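Going by the order they are written in, the chains are A, B, C and D; count residues from 1 in each one.
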């Protein structure tokens, strides 16, 4: 029997498959390996950041700083690789340490100072982007041969699609995220936090450790996403990835996670990412939309997906026990 | 009695201050292994606060705690759990979004190669719940079950956590007799194992049934500790109230039943409650009896429009009406005091005053605010009438003790001067003194011609005030008792699987 | 009555102190900060600029405060500003008077708010996502109206709303103060305020108490839409043109920040519009420090972030609690405020 | 079919470029696939990849930033799809794209600077500068070019420089603060990185009771219609044109290449024409105002 709690996930997957079929029936070229490989490669950094965002949202919080942290990571890497001779791997470790501490610091502020995550991470967003500006306002190219090596790691599928290392890293991140969410105590504590802070406290959930851990995870994954982004563009640019946090949040939500916290799946986010990528691919394939219609259509499709999801959930829960209906509404 | 042995837990001089209130004033409490220790007191006496100080949920302002001869100072509930103190707090404190099994084992899930083993957890959960006579699916989210089931799960979790001390803060409110018996049998087992158990309740029979000693609190102070074998109910009550409880003579005025107020035909909702017919007349108290999950709450909610019925008609004084949502119900002068006061009743951050006038104001509409003077007059009148203990009318209602919150909610609905009052477990968590008051109040309202529908797990109470009792089973009305047929034993018989002749 | 004033004053004390502190910071980087002159028939000075430039955020945060009080959030206000500005401009360009342009813009704002409200209250979509839809699409709609250009207009009546003065005071200042007072009165002199708070604290309880939460929620989004529209008209009038791409860009974040600096909880419940308005002024004063300090623009964000973090830390419950204890320990009787995490009813 | 990856529609100039590109394509009977990237490089990369997957004949790319294109351009090259860059070059080996049709941003800045040098003719002049969006390459290069041109002229000094985000309203706000922080009478000239900010600043200057164009000289870049209107009224002094018609030359080059394989030069530079009060600004305004700015 399917566990009722998995329903939103199944609905997201169904939505994606349905949408892909519809798109492909309009533009058969979308069935190529290129499109599939692009979906993975182009969304790798967003996907990784969204895994962190999923944890944050599951715990009932939000992290607005990810876009800025990605940009900061890129600029930091580019500047450090330009100005010093350290190996990129060392730089990676360094930047991850920075972003993890940055996330942990935000988590600590949220927990110890009892400030709402929205505001703390908003300040974090300003700070990280500000720090990127201070490092360099120019876009700085990265020309280390190690980067070339990493970039040349791909498998060229028949049909021209290139499955790159970055895509694989995203898939691994998702896998790790799923295991952590459902098979570790930390993951359970995240869900517990999302279920209700004071209840979780009374049940003995280590709030400080969990909250700090969550934002450190999100910060660290944003750092990893930044590394992936720097591989993707071979550069660091302080104006890059503006508003990516909103994309990540949208992906998480489309993936069936409730922003109120406590319910949702990391795996759902993966399909949320794919759905968002699909929307964009579809728009480019169409190619007739003006700038403004692009925005309207993205908004409209976002709305459509949410509605579809609502509808499916509604249709499938109608038969279920209504005893919980009232609670679910609030 | 095990008084010769060393105490397991000793509290000395515990004090706790809140702005405007001294919740605990140098309270001592000693627990010996293998004893059930009842903690008694009126609503707002400080019982729950004492528990919270003991388990680290609150920081205490003074006092020491000694566990097994070692001074401890738990800073969080996590600490006290590690020390072997398992607790069920007053309001069900579990996570509705997690599954039953996850709730049971949060923090100490069975691990397998460093990862949680879901399978093992499910089996363990099933075994554990079976001990409490609960055959629910541990993989379902907790929110799928009623408050009563949740309470049992909470108890099971606390029992699992308690190596030395188990604390139960009103665990049996809104449980029916069978559940209570099961829980008592578990308590007996733990007692035999040498645990110390703290038991808070307002049901004195249960106290005498299971407890060895009792400590009584009044206004944050210990007024006495008694061995229950040597004490009488009256003595305990007098300690609690600081006065004698007047014995009310049950001279039930012959029900002066008036005209039909509300008539429901074939009312129901698929998958929730089997369609039923129900007529309530003015000056009548209809009691709803049944086991856990028998559908009492559902009946109440559907009549009030909290859940929308998908079939059936409703007539008010002969006129057809629609009750699609609580707002419509309120305009028909219905009122519902819900079972789950924390999530469906109180508006935690609003002041007591605002909570009391909320429903009245909602009915008046947005643009006709109640004048300040009227608000104060109403609030003060009800605080006095229902004896609500509070520091000030301006304090957020969530800071009131559980029983006082319940009274404030009752006040909210009485303030709307309803024609039809539905009460779902109205005495849940209410102390003996107030309990008697509320029963008296219900009778008075009836005499004044109000129609009432009361769902309760406490059969004595139902017998005391009902003019008619409807018994539910499996979300179906199975029988109706009237007049002299209303006795505890008849209700029990009707609830048990012996369908009576006069089944509806 | 005096008790009421006293309560309000107590509620906004922290905001007043912070505002004073930030203004002093302005004074330190620019000694002439407090000088106000009468020049060209209008008041002229940095303080006036703060009040004037804070107008859009202030207007937004009036509606935002109400939305947040119901435990919602409105990310679309920036986009609604752009739409309203575009509509007003295109009406003005078509030769309609400023009254028509203003009415049209406000009507469009109301429609946008209605849309958000319906999504949240009827379709039960979570507020962030529900308003994200309009945030993304709205700017597109605005550009559709202006066709991507900056639509300039010359109608003096309309321009007056953004750049004009009345009795020497810039019109936007008068508008936001008037609207702030009007909405405050509307919610506090009626039962609306309390009912909105009840919904934000516990919607399920409120519904069971007979409150029409659906209509109330829709109304607060509607008000938010109208406030945003007004802000959009002012911004467009200020530069005599509707800039669909940039008008109100990211201003929703400033508005939310203002509400929080105003001491309102993002978890809904108790609110104070006046405190939010002070929050908006605080943000504008921070912007003013940045502009007056003459630091290179790379440092703008870092400075802003640091000042905001400082403000928030000072305001955080824990620090307040610590201060309280400090003060209380000086007194003989020990007392402690409630330190309990606010819980979200599930 | 040709794919066109545009940055977005963040300014009037950008919108005009899009309009002109569409017109040029239509004129030549080319099927143009348009993708708006909402100012995000990642979206541009996605768009180019999607163009490749669709198998377009050529790609026009207006890159949002100079770096980070190697990988995707290589993919395009692999798929034998020629890429033409519009209005900005990229930091990539030049065999990865066919040609770049751009103006020279640094040069634009220095034209503006040179104009001011000539105009002040050695007289002391304190300048305030309205920068573009922090970190964007026009902001960086136009600042650089301007500073190069005025360096060595000790009479010219930049006293204040702050970002106006390329927008009219920020231009106005920042100019207001300049006027108060420095004092309007102490400012001799304004250099704005684009015309929109200058238009906003003009309003601020007027509200402060000064005469833009006379009390404070104004030079900016882009040559959008509204600045010509201001110049016609004597409220601005000079602007440097950045033509929105980058697509015309680009499409010409592409057509030639697709027809017979003629390789165009690697860089087709558009003219950075200086307009001053001597030109018939009203006529230019009339001509430009329907171009979709």
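Criterion: a residue touches a chain if its C-beta (ideal position, glycine included) is under 8 Å from a C-beta of that chain, and two chains touch if they have at least 3 such contacts.
Not measured: the values here are computed from a predicted model.
The chains that touch chain B as well as chain C are A. Our note on geometry: chain A versus chain D, Cα centroid distance of 34 Å, whole angstroms. Each chain gets a centre from the mean of its Cα atoms; for chain B and chain D, those two points are 71 Å apart.
For the pair chain A and chain C, the distance between mean C-alpha positions equals 29 Å. Along chain A, residues 133, 137, 195-196, 199, 201, 262, 290-292, 294-295, 326-327, 330 each make contact with two or more other chains. Chain contacts: chain C has residues 143, 147-148, 202, 204, 297-298, 300, 342, 345-346 touching two or more partner chains. Of all residues in chain B, those touching 2 or more other chains are 95-97, 143, 306, 343-344, listed in ascending order. An unclassified topology is adopted by the chain contact network, corresponding to no line, ring, star or complete arrangement. Of all possible chain pairs, the ones that touch are A-B, A-C, A-D, B-C, C-D. Interface residues of chain A, counted against chain B in their complex, comprise 3-5, 179, 182-185, 188-189, 191-192, 194-196, 199-206, 262-263, 319-328, 330. Chain B makes touch with chain C in their complex at residues 17-19, 59, 61, 95-97, 143, 304, 306, 325-327, 329-331, 336, 338, 342-350, 354, 358-359, 361-370, 399, 412. Interface of chain A with chain C (complex): residues 60, 62, 109, 112-116, 118-120, 122-124, 126-127, 129-131, 133-134, 137, 195-199, 201, 246, 249-250, 253, 258-262, 290-300, 302-303, 306-307, 310, 326-327, 329-330. Residues of chain D that touch chain C in their complex: 9-12, 15-16, 18-19, 131, 134, 160-163, 165-170, 172-174, 176-177, 180-181, 196, 199-200, 203, 207-209, 226, 292-293. Across the interface of their complex, chain D is touched by residues 30, 32, 39-40, 42, 44-46, 49, 53, 143, 147-150, 152, 163, 235, 238-241, 243, 245-247, 288, 291-292, 294, 296-298, 300 of chain C.
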